[in-house]
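My questions will all concern the structure given below.
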Amino acid sequence: MLRLEHVNAGYGDIQVLWDVSFRVKGNEFVVLVGANGAGKSTIMRVISSLISPTSGEVWFEDQRLDQVPPYKIIDLGIAHVPEARQLFPEMTVLENLELGSLSPKAKAHRKETLKWVMELFPRLNERQKQLAGTLSGGEQQMCAIARGLMSRPKMMIFDEPSLGLSPLLTQEIFRLVQRIHGEGVTLLMVEQNVKQTLAICDRAYVLENGRVVLEGKGKELLENEQVKQAFLGI
Amino acid sequence: MKPNHWSKLIIVLFLAIFPLIVPSDYYRHIFILALMWVVIGSSWNLLAGYTGQVSFGHAAFFGVGAYTAGLCVTKLHISAWWGMLLAGPVCMVVAFFIGCVCFRLRGPYFNLATLAIAEIFRLTAIVWRDLTEGMQGILIMRTFRNKTYYYYFALILAAACIYAIYRVIRSKWGYYFVAIREDQDAAESMGISSFRYKTFSLLISSFFTGLAGAFYMNYMGFIDPEVVFSLYFISIMAILVAIIGGAGTIWGPAVGAFIMVLLQETFRSSFFGLFPKWVSQAHVLVFGLLVIFVIRYMTNGIVGDWIKVQRLWSKNKEQPLASTGS
Amino acid sequence: MKKSTVIVIALLFSIGLFLYPASAQEAIKVGVILPVTGEKAKFGEIEKKSFEMALEEINAAGGINGKKLEFIFEDDTGRPDVARSAAEKLITKDQVVMLGGGYGSSETFAIANVAQESGMPFLVSTGSDNKITEQKWEYIFRINPPVSDYPRGLESFLTEVVKPQTAAILYENTNFGSSGQKEFQQTCERLGIKVVMAEGYQSGGVDFKPLLVNVKKANPDLIYMISYVMDASLLMKQSMELRLTPKVFVGGGAGYTLPEFQKNAGKASDAVFSATLWYQTLPYPGAKEYYDKFLKKFGMDTEYHGAEGYASAYVIADALKRAKSLKPEDVRGALAATDMMTVFGPVKFIAYDKMTNQNKLPTYVVQWLNDKLELVWPKEVASKPYVYPIDWEKVWK
Amino acid sequence: MNFFETQHLTKAFGGLIAVNDVSFQVVKGEIHGLIGPNGSGKTTVFNLINGYYPITSGKILFEGHELNGLPTWKICKLGIGRTFQVVKPLRRMTVLENVMCSAFNLTTRRDVAKEKSLEVLEFCELSKKQDFQAKGLTIGDRKRLEIARALATGPRLLLLDETMAGLTPQEQAEGVKLIRKIRDAGITIIIVEHIMQVIMNICDRILCINYGQEIAGGTPAEVANNQAVIEAYLGKE
Amino acid sequence: MDVFIQTMVSGILIGGIYALVGLGMTLIMGVMRIINLAHGQLMMVAMYITFVLYEYFNIDPYFSLLVSMPALFLLGVLIQKYLLNPLLRIESIIPQNQILMTVGVAMVLTEVMRFIFQSDYKSVKTPYSSAVLYISSIAFNFPMLIAFGIAMLLTAGLFFFLLKTDTGKSVRATAQNKDAALLLGVNAEWITQLTYGLGAALAAAAGTLLLPIYYLYPDVGGPFTLKAFIITVLGGLGSTVGAIMGGLVLGVAESLGATYISMALKDAVGMVIFVLVLVFMPGGLKTLTKV
């Protein structure tokens, strides 16, 4: 469904990604793990076309993503839940969610989607009229995920959804992510919470210094000593 | 790209003997105005181009300088030339207080605050008739009939201003100013008090702008608040002079000043009478278009983007330009 | 091409340009400096057209002793430094024999300063600040009365007809406005009228009501206003809205005599008096003809500024005809000896009060009656009798 | 008297407590690591020490001076240099000029400042690029420049914020060498770093924080085997 | 007492128009973080459009809103697209070069209008120009009342647009978080153009509404540009409610200042308030109202 082929990318003259290739098949749940600064978020930004690769190609189904302007990505069926939530703090939860369904296709089904999402996130339902900036961290993350769902995506990409959340909340978020996967949405997730994510995903890639160094089934990687080393340096 | 020293020397020589080889008072007058704008543009440039604090209110200093000289005559009954001594320090005091208010602000807020303060000065000068004579203005008798004296005075002032700024820029202060322009947070972490050095930059800048104001009083013999505190004809003009020539370069404002003053005069007089009269109405329009063009295509001004100008030149001449690179 | 070579060539070229002599022509050149761009362009334009009109007539009548007269117009854009540039250019580059024009007081100052220094005769046509002719500058002559004289004609009207006890003065914060206010305040004191309020304002305001409510509270017999035309019409419109009812509204010339004032203020302009320097029905030879010809030629009204320009042109021509030579001293001498009649009235440069080389003219009072400006005072020359006392409720109905 | 210490350091942004009651000491001459997962408040601690943010409560002491409430530039003059996680080169100045800005802390003479800067550049192995514009440097050189600039202010304590992030392994190795060299020159270092190979390698002691609170402290080996740390990094099973 | 009430009435009525001017500016400031120093000049262009429509086609000024607003909207979009947006990709020494660009635009607009219409004062005289409504002895200028009413209607319309439509929400979203808006499929470049267009259209409305009570010449824009940014900062950058409050506050403050201090210092009152707010309440009225 999504393929990155030999992508080199960076910011200005700073190269961050070196020859990155990986693929996500339909209905799969793939995780990218790696220490900070390994280039995970950069990959996300490349997929969302926020930065264009210096070389290499990004394909989604039959479409070259790297040649599409960023605001058209969501129309193709990819919803990006960005790092640190990136909500619109001075707008209500409801408005934030509505902004998730701007594309004509999603807009047509806005009411149904909203109902579905509210069932999925009862806590947001209670806080519809509250300003997003006043939500707690966990609720903000839920709001961001819900906003992504509003576009009825074929595929969702999550950038560190557990960032800054307590372990308990992290677990709740992961349960939600799994439920979304259960609804038939293809998932790509970037995480630093290695153990929990590897336990729930189908497949994972390990990134180090902007390169893919390992690939495998989640459970297998969990046992791999190299992963532990990459994170704790021992 | 190092500027050619020969061409610099020729220009300096030309300016030094200009009034001797050009007997016309008219051209002397234009060059005096241009030299005065060199001073104003360069001082603005020190604060904005080098220190990164874009002031929209330099008219405040120009006006205070001019009125210092004017009040010497009307209130102290001494020669307006004393104003040349007093204007600098007076402006620095004023600038210090303005700095205390404005340097608490960054970016667009700073721009607006300076603009507002200059406007407050203008309105105060209009209303405070006991001190300033209000809109009746101050009229003094000029000292010299011969423009040559004024010309050399302006030339020395401009040279002193440019030299002083050149020295400052090459000293510790200059390094600090540019550091603040490039990244205020980084500068602070390097032990640079941004408030203190912004204030120093403002003080120097206001000093020379004030001198230019005092010179204006002495040279023109007449001032009123609308003229010397004008938002469009002083504050904005100072910005245009510097950005067209090239902000953040030593020679940029000087080049800009000559371009702007000559351009204005050329258009006002319809290319010295060669073109039909309606052309004379177009000078502000041409300023506006020039500003748009420079900002859009030559962001660093004529001096700052000299390489681009050269490239344009050589293209027209079908001559490949030896790759200069930077 | 080397950069230095380019610069050398450019410099040589520019020196060449500087030294290039103005092409010698047979015509006698006179520089005229007026604002034709900028905020003051409106009146500058009327004056310029009048100068041009007069020029055509003069040249058609044989010019200056057989030579053609030529006016070189320069635009001062309403700024003193530009006015100075223009004057310098005319004197040194165009080598004119004398200067004319001068609209705004500040610009006129700047020009006069240059003219005096270079010993170049300058006939001021409009710049009205008293100080211009108080400098003992022997090369500066002024055809129009100084601002202090504007209400002189009004004085007798006030003492004989209105007899106000109290007055409020509203003036725009410009050179013209504030010097006018100063002079009128002294006039009031002299006439025993108590000035209950004297307040300046920034021209270009939208809402004058805050000022006018204070006037209403002070309830003066006379409201004297010094404003340009648009402020004038707003002031009157808003006075009407607030139902200000003094004995009389009097404008201090300028805006209150222009057709635009009536056009904008509508019925609020009715019955408003104004001091003025000139009116087309005055018994000066050619005044009415000048007005009609201007109206026909340009399709617009003219007023006292135009008359000043038109008269100036004739004074200039007259002086040049009489001058022994075109040397500045001779032209100056001829100007000083001027004694002629113009559409603007008799012109003779004398010294009075603190002024020198000043033309002294009577001034008049006009009143807007049925949407027309009528000369109402002094009675001998009035085109219509004045309307006083005024029933404002009826006028404004 | 400790060389450097924080006492119950706390910082709240509105309702969010970013740093909560953190106390630690640094011994003169050591390399002290500060680690924690993303968003755990490490950079905030630096910004507090550096005076960039005002402290909500608690104390910071450096050589016996209380730093609370001092502006950033004064703290620098007291002898604390820092680098930024997101490098802040003075873009339109050359490398040498960048460093000279710092060197002017010690002198007002241009030639002296230049001499001193050249020394520092030599030390940081940036001499070859001294005339390059800072905006044209590679990321590795920019990080070096950050360090060189901090060194040129003549600090006794150096705060290094993620100096290795985004570097190639080879550059990292060179970076480690440089950090050791700085320590050997007698400068105490506090380092925030994500790349564990680096931090475990060079630190004498490490403090690990999560959610703004300290969860473990000690030698690298102790910290790496601490259950709380492993959980913080890898998550609970 | 009458003096006070009349002053307040004048202030509030003029404040309605100020609010309209400020609203456009605050929209632009909120989304693009720049000061639009051409704001009053855009207003001036709209006034000329209204004037031409009245003078040559005899169209009532209030109807010409339907022409002047779309026309200025288009002009605004073009300015943003071809002059301001390209600057985002250029690095310059002076970081505020977008502001300087608006200065250039302002100069060009003024001079082009001067070229076409000369410097003459123009005005539109409608039958209702001087109509007045009296409540006891307090005078309400009729065109000003209408202008106030339409200003409030337009404000309500703007609020509806910003709060209830997707495009309006996208504008707010872009102002608050440009990157996130991009990810959700908002074409930020188009939004900036739209915003500048809207800002220009609101300025156009203010100009058109002002024309029956005021007059027109090429330099009329300058003072209104100054007022616009005072209002914007007073209300808090980017805050629409703040801009309305700011407009009213400025109107009333100027009126009170003119009545009780001095008419000559009317403009200075605004400037002093402005500096005080900048220094002591940098968030503007927004910090008090929290919206």
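First chain written, first letter: the chains are A, B, C, D and E, and each begins at residue 1.
In this text, a contact is a pair of C-beta atoms (placed from the backbone, for glycine too) under 8 Å apart; a residue touches a chain by one contact, two chains touch by 3 or more.
Because the structure is a prediction, the values reported are computed rather than measured.
Peer 1: Steps needed, at minimum, to get from chain B to chain C via touching chains?
Peer 2: 1
Peer 1: By that same contact rule, can you tell me which chains touch chain C and chain D alike?
Peer 2: B
Peer 1: Looking at chain pairs C-E and A-E, which one is connected by more C-beta pairs in contact?
Peer 2: Answer to which pair has more contacts is C-E.
Peer 1: Can you work out the whole-Å distance between the CA centroids of chain A and chain C?
Peer 2: So the centre of chain A lies 76 Å away from the centre of chain C.
Peer 1: Express in whole angstrom the distance between the two chain centres, defined as the mean CA positions of chain B and chain E.
Peer 2: So the centroids are 31 Å from each other.
Peer 1: Compute the distance, rounded to whole Å, between the mean C-alpha positions of chain A and chain B.
Peer 2: Chain A and chain B have C-alpha centres separated by 54 Å.
Peer 1: Using CA atom averages as chain centres, what separation in Å is found between chain B and chain D?
Peer 2: Taking the mean C-alpha position of each chain, the two centres sit 43 Å apart.
Peer 1: Going through chain A residue by residue, note those that touch at least 2 other chains and give them in order.
Peer 2: Residues of chain A touching two or more partner chains: there are none.
Peer 1: Could you check chain C for residues that touch two or more other chains and list them?
Peer 2: As it turns out, chain C has residues touching two or more other chains at 37, 173, 200, 202.
Peer 1: Could you check chain B for residues that touch two or more other chains and list them?
Peer 2: In chain B, the residues touching two or more other chains are 123, 126-127, 248, 281, 284.
Peer 1: So, with touch as defined above, which chain pairs make the list?
Peer 2: A-D, A-E, B-C, B-D, B-E, C-E
Peer 1: With touch defined as at the start, can you tell me which chain E residues reach chain C in the complex?
Peer 2: 2-3, 6-7, 10-11, 13-14, 114, 118-121, 123, 125, 129-130, 132, 137, 139, 141, 210, 213-215, 217, 219-220, 223, 254-259, 262-264, 266-267
Peer 1: Which part of chain D faces chain B closely enough to touch in the complex?
Peer 2: So the residues of chain D in touch with chain B come to 50, 52, 71-74, 76-77, 81-82, 84, 88-93, 97, 100-102, 104-105, 108, 110, 113, 149-150, 153.
Peer 1: Sort out for me which residues of chain A touch chain E in the complex.
Peer 2: So the residues of chain A in touch with chain E come to 48, 50, 69-75, 80, 82, 86-91, 95, 98-100, 102-103, 107, 147, 151.
Peer 1: Going by the contact rule set out above, which residues of chain A touch chain D in the complex?
Peer 2: Listed in rising order, the residues of chain A that touch chain D are 13-16, 35-37, 84, 160, 162-164, 166-167, 170, 192-197, 199, 209-210, 228, 230-234.
Peer 1: What part of chain C is in contact with chain B in the complex they form?
Peer 2: Where chain C meets chain B, its residues are 1-4, 7-8, 11, 15, 18-19, 36-37, 72-75, 77, 79-82, 84-86, 88-89, 91-94, 106, 109-110, 113, 117-118, 129, 131, 135, 173-175, 177-179, 200, 202.
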